[in-house]
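What follows are several structures.
Next, two complexes with subunit A in common: one pairs it with subunit B, the other with subunit C.
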Partner chain A sequence: MGYLNAIIILGGINIIAALGVAIITGYTGLFTIGHAGFMALGGYACAILVTTFHVPFAIALIIGGLFAGLCSFIIGVPAFRSQLRGDYFAIATLGLSEAIRLILNTTYKVVGGAFGFMGMSNLTTVPVVVIAVILALFFAHMFVTSQYGKNCIAISQDEVAAQMMGVNLLRTKLIALFISAFYAGVAGGLMGFYMAYLSPSFFTITRSSDLLAAVVFGGIQSLIGPTITAFVLVAVPELLRVFSEWRLIVYGLLFVIIMLFRPQGLLGYVEMNFAFARRWWNAVFTPHQAKQGTIKGDQ
Partner chain B sequence: MSDSIFAMKNVSSEEISLKNLSVQFGGVRAVDNFSMTLYPGELVGLIGPNGAGKTTVFNLITNYIKPTSGEIFFMGKSLLGKSPDEICRMGISRTFQNIRLFPQMTAYENVELGLHNVPHYSLLEAFVRTPRARRAEAETRKRALELLEMVNLKDFAGERASSLPYGLQRRLELARAMATSPTLLLLDEPAAGMNEDECNELVKLIRQIHEHMKYTIIMIEHHMNVVMELCKNSRIYVLNLGSLLAVGSPKEIQTNPQVIKAYLGERKHARYNSNAGSQ
Partner chain C sequence: MDLFLQQVVSGISIGAIYSLLAVGYALVYSVYNFTNWAFDAFMAFGAFMAFYAISSFFLPFWVAAIISILLAIGMAVSTEKLAYRSLRLRKAPRLFMMISAMGANLAIVNLLNLFFGGQFRRFPVENIGTFSMGQVSVGRMDVLAGIISFGVLGLLWVFLYRTKPGLGIRASSIDILTASLMGINNDAVAFIIFAVTGVLSSVAGIFYGIKYAVYPTMGIVTIKAMIASIVGGLGSLPAAVVGSMLLGILETLVAGYISSTYRDLFSFLFLVIILLFFPNGLMGKSSDEKL
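Presenting the complex of A and B:
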C-alpha cells in the first residue's frame, strides 16, 4: 500500500509540474529545460515558510509558487525582450535552473547547502496530492481556454502574425512563464513535504528533461496528454525498478520516434473537454433535450 | 509633387503619411525616399513589378522593419519606435502576402484573436471565469461570428484554418484583420492566386467592406483588373526598384510610358507603342 501511495504522490507531483511545462511549451511554444529550478525555488520557499515561520502548508505552497513565478521573470524579461526562441530560450532556462541548483548547493546558512534542508514533517499525503492535481487541472484548463490562453496559442502558431494582430508578445509570454513556474513551484513544495527533506540533487537537468519529455510525448496543446504521460513516466520506472537505469536511453529513443512519426505528441491538439461527459449525461438523464445541446461553431 | 499636396490640405486631417521613407538592406535600397499621404476613407493601390518594395512599405508601416531614414505619421502621431502590436492597437491592421493564419486554430478562433489581442478581463477572472468574463467572451463570440458572416465564412467557423481552401483563407485573413477594429487596412495582394470569378467576388467584398466600415485602405495587388476597378475614383502609386515611379488615377497610370516600361521592359515597350498605333 505504501508503495502504491508513493507512486500516486510522485505521479501527482509530476503531473502538476508537467502541467506547468505544458502551459509554456505545449501552449506557448517555448521549450524549457529548466523547470527543475522553479521546483527548487518553490520547494525551498515553501519549506522555509512552514518550518521557520509556521505558515499553514496550503498557504505556504501558494506563496512558494508565487515566489517561483516571480523568479521566472529573472530569465523571462531579458530572454523575451531579446526575442530568444527555440533552443536559445531552452538553454537560457537551463542556465537559470543550474544556477539556482548551484547556489542552493553552496549556501549552507539558511537552506542547508549540499546536505539539504531538513526538519519537515510528512504533510503531502494522497488526498492532498489528489486535490492539488484536480485543482491544477481545473485552473490550467481555465487558463488555456481563456483569452489569455488563446493569445498564447496564437504565439506558438505564428509569432509574427500574433504580434501584427496586436498581441503584446512580452506580456503574454511572461504571463505564461509565470503561471508555468507557479505550477512547478507548487510541485516542488509538495515534493519537499513528501520526502521530508529537500536536496539540490533533486532538481537536476534530469528532472527538467523528464518534465519536457512528458509534454512532448503527451502532446502539444493538450492538457490531458501530458497528464497521462507525466503519471506513466513516474509509474513505469518505479514498477520496473530493474530498468530504471535505462530510462533515459528509452526516453531518448522515444523522443526520436515521436518526433519522426507524431511530432505533435500522442494527444497533440486534443483538448481536454467534458463534451463526452455532457453528452452521456444528456443521453441518460434528459434524452429529450440531448439534441438541442449541439455545439455552435466555436468549439 | 507630394509637397504640394501637403501644402494644399490641412495636415492634421491626414490618416497616414510616409515622408521620405528609406530602408537599406546591406547595399540594397529596398525603399528609397518614398512618400505617400492618405486621407480618411481613401482606398489607394500600390503596384509595381516584383521586388519593387511594396511589401517592404507595409513592413515599414507596421514597424516589422525599421526604416533607415524618414518618418511615418498615423493620425498625427509618429509610428517610429512603436512595436508592431502597439501599431496594431493604434488602428492599423494588415493581411499578408503569404497567408499567415494560425493554422491549427479554427476560423472562428482566428477572427476572435484579433478581437481579444488585449484580453477583456483580468488574469484572475480568467481562472475563475466570473460572470463578467463570461459576458465578455459571449460578446467576443458574437462579434467574431458577425465578422465571419461579413466575409461569407460563417459556415466554416468551426473548420481548422489550415484545412480551408486557399481563397477562403484569404477571406479569413481579411476578417481577422478587421477584427482588430482598424481605421487603416493594409491589404497585401488579396487577390493573389485567384481566378477571374474569385477576383470579381473579392472586388465586391472589398468595396463593400470599404464603404460599410469606412476604412482607409492601401492595397498591394498584381491583378490589374482588381486595382483599376477598386481605385477608379482614387490614386495608384507605382513603385519600381524601391522608389516612386508614378502616382495618379488608373487611367493616367495605364498610359504612363514609364510605368509600361517598368512592367514590360524597353523592347516590348516599343512593340506596345507600335501595336497601339496600329489599332
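Presenting the complex of A and C:
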C-alpha cells in the first residue's frame, strides 16, 4: 500500500509541475528546460516557512509558489523585453536553474548546502496531493480558456500577428511564465514535505527534461495529455526498475520519433472539457419541459 | 598584476574553446534559425572517441584527433539526416526542431553514459609543461589549444568567404528558399554545415577534455558558448568569437579573484545584465522577427 501511495504522490507532484510546463511550452510556445529551478525555489521557501516560521502548510505552499513566480521575472523581464527568440529563452531558463542549484549547493547557512535541508514532517499525504492536483487542473483549465490563455495561444501561433491584434507580448508572456513557475513552486513544496528533506541534487536538468518529456509526449495545447503522461512517466519507471538506465535514452529517441511522426503529441490540441458531464447531468436531472425551455432560450 | 595577467592568459585559452562552440551554434542558427541542442552531445562524443582511440588503441594524439573528428562529422551528419531533415523539409515550427534536437541530445549523452560510465577521466595525453613569460607561466597545452582553435576558425572564415560553397552557405543564411531557386543544393548546404559542426565540436571537446576531464555530461559547458553568442549578438560569427573571448576572460578573473564556485553563477548574471542593457547583444543588430 505504501508503494502505491508513493506512486500516487510522486505522480501527482509530477502532474502539477508538468501542468506548469504545459502552460508555458504547450500553450505559449516558449521552450523551457529549467523548471527544476523553480521547483527548488518553491520547495525551499515552503520548507523554511513551515519549519522556521511555523506558517500553516497550505499557506506556505502558496507563498512558496508565489516566490518562485516572482523569481521567474529575473529571467522573464530581460529575456522577453529583448525579444529573444524562443531558443534563447530556453538557455536563460537553463542558466537560471543551474544558478539556483549552485547557490543552494554552496550556501550552508540557511538552506543546508549540499547536505540538503532537513527537519520537515511528512505532511504530503495522498488526500493532500489529490486535492492539489484537482485544484491545479481546475485553475489551469480556467486560465487556458480565459482571454489570457487565448492570448498565449495566439503568441504561440504567430507573435507578429498576435501583436497586430493588440496582444501585449511582454505582459502575456510574463503572466504565463509567472503561473508556470507558481505551479512548479507548489510542486516543489509538496515534494519537500513528502521526502521530508530537500537536496539540490533533486533539481537537476534531468528533472527538467522529465517535465518537458511529459508535455511533449502528452501533447501541445492540451492539459489532459500532459496530466496523463506525467503520471505514467512516474509510474512506469517505478514499476520497471530494471529499465531505469535506458529511461533517458528512450525518452530522447521518443522525442525525435514523436516530432517526426506526430509532432502535436499523443493528445495534442485535445482539450479537457466537462461538457459530457453537463449533458449527462441535464439528461438525468433536468425536467423535460425546463430543458426544452432552456434550449429555446439559448437560441 | 601577475595574478591578473595569469588569469587573462588562462581566460584566453578557455575563450578559444568557447569560440569554437559558439561559432558552431551561430552557423546552424544563421541558416536554419534553430539552436542545435544536440551540439553538446557531439562535443562529448568527440572527446570520448579521442579518449578511447588513445587509451584503448594506443594511437598517437594527432591520429586520434583526426579519427575523432571524422566520427563526430559522421555523428553530426547522421543526426541531421535522421532528426532534422524531414522536419526541415516540412517547414515545421522551430519548437519542433528544438524538441527533436533536445531528444537527440538526451539519447546520445545517455548512451555515452550507459556504455562508458559516468566517471570523470583524465585525458591520456602527457603534460607538455609550461613556459614562463616574465612572471606569468603559460601552459603549453593552453597555447596549443588557442592556436589550433583560431586556426580552425581561420580556415572556416576562408571557407565561408573565399570559396564557392562558402558563398552558397552565406546565401542560404540570408534566404534559404531564394538560394535554392538560384540553384544551390539545400541538402549539400545542410551536409556541409553539419560536417563543420562536427569538426568544431570535436576539436572543442578534445581540448576541453585535456583542460578538465572527459565525462558524458561535459557538454553542459556549451551553455557558456550559447551565453557567449547571445552576449556577442545573435547569428553572427565574429560576434560569437568576441562574446566568447569576453566571457572566457571575465569568468576566469572571477574564478581567480572571488571563488571558482561562483564562476558559473557569474556567467549567468553576466547574461542577464547584458540583456538588460544591450537587448540585442554587444554587437548585434535588431533581433526582431523578420516578416
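One rule holds for everything that comes next: the second predicted complex is superposed on the first by the 281 of 299 C-alpha atoms of A that agree within 3 Å, B and C clash if a C-alpha of one lies under 4 Å from a C-alpha of the other, contacts with A are read in each partner's own complex, and residues count from 1 in each chain.
Note that contacts are C-beta pairs under 8 Å (C-beta built on N, C-alpha and C of every residue); 3 or more make two chains touch, one makes a residue touch a chain.
Because the structure is a prediction, the values reported are computed rather than measured.
When both complexes are overlaid on subunit A, subunit B and subunit C end up sitting side by side without clashing. Looking at the shared chain after the overlay, A:Y148 reaches subunit B, while subunit C stays out of its contact range.
By the touch criterion defined above, A:I103 lies against subunit C but remains apart from subunit B after alignment on the C-alpha atoms of chain A. The partner of subunit A that touches more of its residues, comparing subunit B with subunit C, is C. Of the two partner chains placed around the shared chain by superposition, subunit B and subunit C are both touched by A:V160. When both complexes are overlaid on chain A, the residue A:R81 reaches subunit C alone and has no touch with subunit B. Using the contact criterion defined above for the overlaid structures, shared-chain residue A:F31 touches subunit C, although it does not reach subunit B.
Contact with subunit C, but none with subunit B, is seen for A:G95 once the two complexes are overlaid on the shared chain. Touch criterion met: A:E245 reaches subunit C, while subunit B stays clear of it.
The vertex angle at subunit A, taken between the C-alpha centres of subunit B and subunit C once both structures are aligned on chain A, is 80 degrees to the nearest 10. In the superposed model, A:P127 makes contact with neither subunit B nor subunit C.
Across the superposed structures, the minimum distance from subunit B to subunit C, using CA atoms, reads 8 Å.
Overlap of the subunit B and subunit C interfaces on subunit A: residues 160. For subunit C in complex with subunit A, the touching residues are 29, 33-35, 82-83, 86-87, 92-100, 102-111, 114, 220, 223, 226-227, 230, 234, 261-262, 264-265, 267-269, 271-272, 275-276, 279-280, 287-289, 291. The residues of subunit B lying in touch with subunit A in their complex are 62, 64, 83-85, 88-89, 93-94, 96, 100-106, 108-109, 112-114, 116-121, 123, 126-129, 133, 136-137, 140-141, 145, 154, 157-158, 176-177, 179-180. By the touch criterion stated above, subunit A contacts subunit C in their complex at residues 25, 29, 31, 33, 74-75, 77-79, 81-88, 90-92, 94-96, 98-99, 102-103, 106, 159-160, 205, 209, 212, 216, 220, 245-246, 248-249, 251-256, 259-260, 263.
Residues 139, 142-143, 146-151, 153-154, 157-158, 160-169, 175, 221, 269, 296-299 of subunit A are the ones touching subunit B in the complex.
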